[in-house]
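Here the chain labels run A, B, C, D and E in written order, and each chain numbers its own residues starting at 1.
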Amino acid sequence: MPRIELGSYVEDFITWLLRAIPGVLDAISAVVTAITDALTLALTGPPFWIWIPVLALAALLVRGVGLAVYTLLAFLLISSLDLWAETMETLAVVLVAAVIATAVGVPLGIWAARKRAASAVLRPILDFMQTTPVFVYLIPAVFFFGIGAVPGVVATTIFAIPPAVRLTELGIRGVDPEVVEAAHAFGAHPRQILREVQLPMALPSIMAGINQVIMLALSMVVVAGLAGAGGLGTVVVSAVTQLDIAAGFEGGLAVVLLAIFLDRITAGLAQRPLTGYWTKLRNRQSAPATARPATEPTPAAAPAAG
Amino acid sequence: MPRIELGSYVEDFITWLLRAIPGVLDAISAVVTAITDALTLALTGPPFWIWIPVLALAALLVRGVGLAVYTLLAFLLISSLDLWAETMETLAVVLVAAVIATAVGVPLGIWAARKRAASAVLRPILDFMQTTPVFVYLIPAVFFFGIGAVPGVVATTIFAIPPAVRLTELGIRGVDPEVVEAAHAFGAHPRQILREVQLPMALPSIMAGINQVIMLALSMVVVAGLAGAGGLGTVVVSAVTQLDIAAGFEGGLAVVLLAIFLDRITAGLAQRPLTGYWTKLRNRQSAPATARPATEPTPAAAPAAG
Amino acid sequence: MSAVSSTGSEAAMIRCQGLTKVFGSGPAATEALELSGRGVGRTEIQERTGVTLAVHDVSFDVRPGELFVVMGLSGSGKSTLVRLLNRLIEPSGGTIEIDGRALGGLDDAELRELRNRRMSMVFQHFALLPHRTVRQNAEYGLQIRGGAEADRREKGEWALEQVGLADRAEALPGELSGGMQQRVGLARALASDTDVLLMDEPYSALDPLIRRDMQALLLRLQRELNKTVVFITHDLNEAMLLGDRILLLKDGRLVQVGTGPEILAAPADDYVADFVADVDRTRVLTAADVIHQPRLTAHLDDNPADLLRRLGEAESTAAYVLDDEGRVLGVVHDDWLALAQATRTREITRESLTDDYLTTGADRPLIDILQQVGRHPVPLAVVDDERKLLGVVPRAAVLAALATPSRS
Amino acid sequence: MSAVSSTGSEAAMIRCQGLTKVFGSGPAATEALELSGRGVGRTEIQERTGVTLAVHDVSFDVRPGELFVVMGLSGSGKSTLVRLLNRLIEPSGGTIEIDGRALGGLDDAELRELRNRRMSMVFQHFALLPHRTVRQNAEYGLQIRGGAEADRREKGEWALEQVGLADRAEALPGELSGGMQQRVGLARALASDTDVLLMDEPYSALDPLIRRDMQALLLRLQRELNKTVVFITHDLNEAMLLGDRILLLKDGRLVQVGTGPEILAAPADDYVADFVADVDRTRVLTAADVIHQPRLTAHLDDNPADLLRRLGEAESTAAYVLDDEGRVLGVVHDDWLALAQATRTREITRESLTDDYLTTGADRPLIDILQQVGRHPVPLAVVDDERKLLGVVPRAAVLAALATPSRS
Amino acid sequence: SAGPGGSTVRAAQFPWSAAKLTNAILAEVVATHPELGVSRIKTIQVGPATAWAGAQRGDVDMLSEVAMPNQEALAGKAAERIELVHETYGEAGQGWFVPTYALEPGQPLDGLRSVTQLNDYADALGGRLVDSDPSFITTEQNTKRLAGYGLDLEQVTSSEAAQLAELRRSYERREPILVYLYHPHWVFEEFDLTQLEEPDPYQPDCFTTGNGACAMPAYAAWTASSKELATTSPRFHALLGRFELPLPDIEVMLKAVDVDNEDIEEVARTYVAEHPELVRTWVG
């Protein structure tokens, strides 16, 4: 076979890109950095004994006592492992990446569910995003956005988008066509059908997608660490190069504890009816006003992300 | 907070395990090595100009002309990039890992769909499997199984199992309960219901899971390379650590081309009615026998893996 | 066969011309249409081309305020037809006009507006939103329309009360029985309060009592609010009771359209005759359908002897006596006439008349007059609002009308 | 109220004792049962405890080969009841015996065996396997049972032919109309060829023609193969036509159980009366329901003069003449009797008898005899197989029976 | 960037202990010598490739512990902005090692001294040379050496972590293993390893035009600094030009950090405190 020098064309292209649109790249970098830094500051600024009760309270409101207890214990364990700051840094990166991935992925999934052609075009692109080894685009990402949190966020986002797209598409395609037809028959706008019929009915699938987004984002923690994003990735990488199983395990454990927390929180947000204390509180408040408990129609919720 | 030396207990435990059950570990290692080696040999043994037509033919039978053409072009490109052998090594590892992950994940997903308790127990474990940085268990995996393909396969499998479980559970839970009830009413055994009602009806979701299994397995190519599994991971790591964007891109491209191929093949296997030439051939054959085309009932297929 | 009324087309609320729908596409669909044009049957077309001809060349008008019933065999294209009426499926051929506007010419926004404000639909398989409560389902059309929360609430509440589900407003559809779910679908359409209602077997899962209420409700809505209703049903009695006109489909083609009694009296073919054989004639047929000219009526100035002779000829024992406008005054019996003849009385006196007779209106169903027929020597009198005698209902005529033409 | 027949329990195919089902669990369910025991209504229980009492304390027997109809308001617990019969839902209380075996005592394998070989079910919402063709759906029960492919194929084919879908065997359920889908569900149950059929509104989506065929099919199966059928329907006429006995539910409680005419004749309460008010009596009532003792019958050896006097007293002009076994020989008219009296004939001669009369069987529905009633001077004769006179049907009796007790 | 008490220097920190130690020592020196005009050394932990990619953009001001000649190619790409300023330590040995226990009498490798004997012990070694990361320059060199010595061993590459894990595994099982390793490394403090002798010393052309049958070259670590640093923090830049650490000192510190799990900053502080003359030569 003749050798095709595909790689060098790409390299040239990247170099060209770097020269052509530095402003754009810098702007993206600046925005993402600002957001991530702000979030990191917010999370690492106050000491752990302020944040832990806050997080536990959030868990209580969203899901209930069980998760609140878990949150308390998990984050106490993390801080007793001396990994509080690193965990919060990681949380910031993961949150930013997951929110971007969801915000991009869900609409793409909706588009793919509506148009066969879109689905056919997206599919190989998603394969590409998920399987190109992150290391391959990590370096261009560093070229584009500089060392720090941004290439980590970018790489994480690229890797985490596909499940959001795929599972949104799957979920929307699975919605009973007769119900959609009924919505059409009542003159609903496609937007309304999407918001009030398709998304709520596809919610279990979409939430599975968001769960995967979060999981994949967390699984990229180490890679983000290699690009200078700090956080638990740094801990794990150092531990591994030192063959320090103990430190590596502790770092990994912190990631997992964070993963379980985020998983449960998102699952809680998606649950209908809501089981958290927030709902109970709201119901209790509205009860005297309307004199009939629980008559307040639960708003048919769009999924947590937009 | 008092420092908890959790990590060292784990380290001690791993060391103990290594001493306690070397036989078991060696056996696992031997089996996986044997399978992977056999597969690698089969794939890398014959030259590319034998394998490419074979793969293209498989694509034709399973899915149709489009995929056959893609297969031809993609693998020719790979071999013109001088990555044929590495790609086949990677394919072997990915296939072994994906098959194991599916074989483990789908039954677990079924179990989780049946029992709320199983689901509740599995969920954090899956979070754990997906988010523990691979580097963390790569080292123990090398301890246990030695450098080579096995730790790569193990790490890949662990990372790839969760989507199979999650999406199988999601799919089975989404099956119309009335249809399941009807199957019960006709005295179907839970096994039959599973095989003939739940799995076929959950197929889109399960196939999305298997797609994710393959994608995640391929995304671990580099990590497998770090454990000594060879293949494209090595190419990418060397390229990247030398800032050789061109070579890195080429390695990544080979992974992506492989990903698209596998994605389409599995999607083709799941499609009802089958669109590939195999079906057409079979129909054409059965036509003169029964004098009526297409009366052959399409067997309600269980998913590709069992 | 065309059912387009000859009276001005501007009067039609729904007007279909040559409506056709083929399930399938490409050359097979064209071939199917062509075959059908040559009179090939649907099953054969299905076998030859693989596509289904669901509706073929159907034309009809529905007048504003009309309750238009569609009937036909299972699979004859009824559901497809109503779905064509609000363009949930695009026709393969033909045109539809709603209130004078061609449906095909509407853009998306106009179509939505039309569906939302002018038409609402009850689905055969209910098609409720499973994640919303009964109340939210009932309010769905209004919610899409936008507008005040309170108003929506009120109308939803009203609709749920109409269908008898106000106490289950907070339940989810999955927790309801089949008939309850169907009524939620009904409430959803009612709450929307549109001019046109498309109802696809809306009462099929209802028990007789609730069904009766729902029928009454529909008739009331139609009468009071002048709703135009296209109503699919498999219940002949329901069709006869509700339908101003009934359209019969067979294999996607229109077979007959007309009022219930018209169809009963003159079925277009054996299919229709067979189709309506089971109808409960006591409820469908009215006094008007069994009315007979009275064999003999008298006036006050008639000669009793003369009358007695005519009575004898007619083998009767009594006769209605009418005034000059034809109003019923009473009944004169042969015994009095004989007496009058004996006493040479020249005229029938008012005092001689008895009131042992019964009257009814022409539009009363037979079920209501069965008790009254044959109670008296004179047959039941059918009178108009001014008590003018229109005719009589002899017992034998009732019995003959009720009997079905025997099936082979 | 209990409907357990007093005749030996070993005869029952299905026997339910105090069957109860509460949707919901925990203390609320217990409370609901307790409230219901105190006679609190279902709506109130629902409001107070939040659980639904779907079936409460229902006891009945179904005999082998019986066609047992269940009726009731929408939401009265019919579907729940049949689902209890094959334990698709576990009862909250009470016992069920199928052919003498307690359902609660069966282990999983036995239960499966029972469901597969003894009972099959038609679902209200069809519950077809959407990914399988019509044929595969029809063969589903057999496929589970295992056994020869050819046999399965044959039985499936037969069942599809019965329901008129043989030509759509390769279609998927989603491509069929509602009524067609329902018939696939029917075919699935028929192909299984089990002793017991549980049918939850199996004909609700069928048009009159196909429905009539299906009713005939069911009656034939029941007669020829002695199937036991539990049949839910909302169609009163269907219930009356098919049902050996009818059970009426209200709010989960049994209100009445009996044959159609029994219920029509003696409704247990206003609810039942109201429920059956709309029935088409011409089809439900039989000659037996309107039979009257003949006012006058004669024998050959009767004295004509004597008979003529009696005829005059009865205001009749003719009378049936019977032989010693009570068989109808013919009709004797007053004119012949007058002649005989004049000629002093002492007996009625066979030659004097006319055959201007009509006979019918006791089980013929009124719709069939309407034409014959009142055609002749003698009323319609009801005879048994040996032409023995059981009674007569006067015209007035028919009309009175057809008229509905008027609703308020 | 100049702060109130001086400028902040952004240093790339490779994820291994020697690099961290070097940075910690520099930070300690900067802290104790305000006259250097550097208020803080801000470390960013990154892999070498990312570090050099960032260096090309000007994201970092200095890199310490730059392994030479391993990172020569990487450094070349950033030459516009960053240059190698001084060798921190040199003459670090590298080569092929076996566990000492395996050489003991009666053990599988009894009698093995030199690389030339390896073919005789190939079976005992499982026919493998457990090499390190495939991107190391030494990996290429080892390939040539295997050919040059005519050795019939498979060269297994993975990553340094996996390689060390494999070494530990062999240690646990008391099995023989042949590994490539370099100094300075904590591994020598934890495991008793013996380097195999090389008959021929390193020749500069050995791996380019030669047959590859020679010892490995000595290994060195350098400090690299951005050209900008010379203007923003000239005194610190000058310090980097003089910064050297004795190899044995590093290995002692590595033991403290990696084997005894002592705090890196603590180790660095102690070292700076205990070696004032050395520090004075750096500061100048």
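Basically, a residue touches a chain if its C-beta (ideal position, glycine included) is under 8 Å from a C-beta of that chain, and two chains touch if they have at least 3 such contacts.
Keep in mind the model is a prediction, meaning the values are calculated, not measured.
Enquirer: Hop across touching chains from chain A and tell me the fewest hops that reach chain D.
Expert: The fewest steps needed to get from chain A to chain D is 2.
Enquirer: Which chains lie in contact with each of chain B and chain C?
Expert: Where chain B and chain C share a partner, that partner set is A, D.
Enquirer: Across all chain pairs, which one has the most C-beta contacts?
Expert: Greatest number of C-beta pairs in contact occurs for A-B.
Enquirer: Can you check whether chain A and chain B touch via the same residue numbers (shared by over half) or via different ones?
Expert: same
Enquirer: Take the average of all CA coordinates in chain C, do the same for chain E, and state the distance between these two points in whole angstrom.
Expert: Here the centre of chain E sits 95 Å away from the centre of chain C.
Enquirer: Measuring from the mean C-alpha position of chain C to the mean C-alpha position of chain D, what distance in angstrom results?
Expert: Averaging C-alpha atoms per chain gives centres 28 Å apart.
Enquirer: How many angstrom lie between the centres of chain A and chain E, each centre taken as the mean Cα position?
Expert: Here chain A and chain E have centroids separated by 38 Å.
Enquirer: Just curious, how far off is chain B from chain A if you go by their C-alpha centres, in Å?
Expert: 24
Enquirer: Which positions in chain B touch two or more other chains at once?
Expert: In chain B, residues 135, 138-139, 237, 239-240, 243 touch at least two other chains, as defined above.
Enquirer: Two-or-more-chain contact residues of chain E, please, as numbers and ranges.
Expert: Residues 47, 49, 53, 161, 165, 168 of chain E touch two or more partner chains.
Enquirer: By residue number and range, which residues of chain D touch two or more other chains?
Expert: 125
Enquirer: So which chains end up touching which?
Expert: After working through each pair, the chains in contact turn out to be A-B, A-C, A-E, B-D, B-E, C-D.
Enquirer: Would you mind writing out the residues of chain C in touch with chain D in their complex?
Expert: 23, 43, 46-47, 52, 71-76, 78-79, 124-125, 167, 175-180, 182-183, 201, 204-212, 234-237, 274-278, 280-283, 367-368, 370-371, 373-375, 395-396, 398-400, 402-404
Enquirer: Name, in rising order, each residue of chain B that touches chain D in their complex.
Expert: That would be residues 176, 178-179, 181-189, 192, 196-197, 200-201, 272, 294-295, 297-298, 300 of chain B.
Enquirer: In the complex of these two chains, what residues of chain A are touching chain E?
Expert: Chain A residues touching chain E: 138-139, 142-143, 146-148, 151, 225-228, 230, 234, 237-238, 240-244.
Enquirer: Which residues, counting only chain C, touch chain A once they are in their complex?
Expert: Those residues of chain C that touch chain A are 86, 88, 111-117, 119-121, 123, 125, 127-133, 135-136, 140-141, 143-145, 170, 188, 192, 198.
Enquirer: If you look only at chain B, which of its residues touch chain A in the complex?
Expert: It comes out as residues 1-8, 10-11, 14, 48, 76-77, 79-82, 123-124, 127-128, 130-140, 159, 162-163, 166-167, 170, 173-174, 204-205, 208, 211-212, 215-216, 218-219, 221-222, 232-233, 236-237, 239-240, 243, 245-253, 255-256, 258-260, 263.
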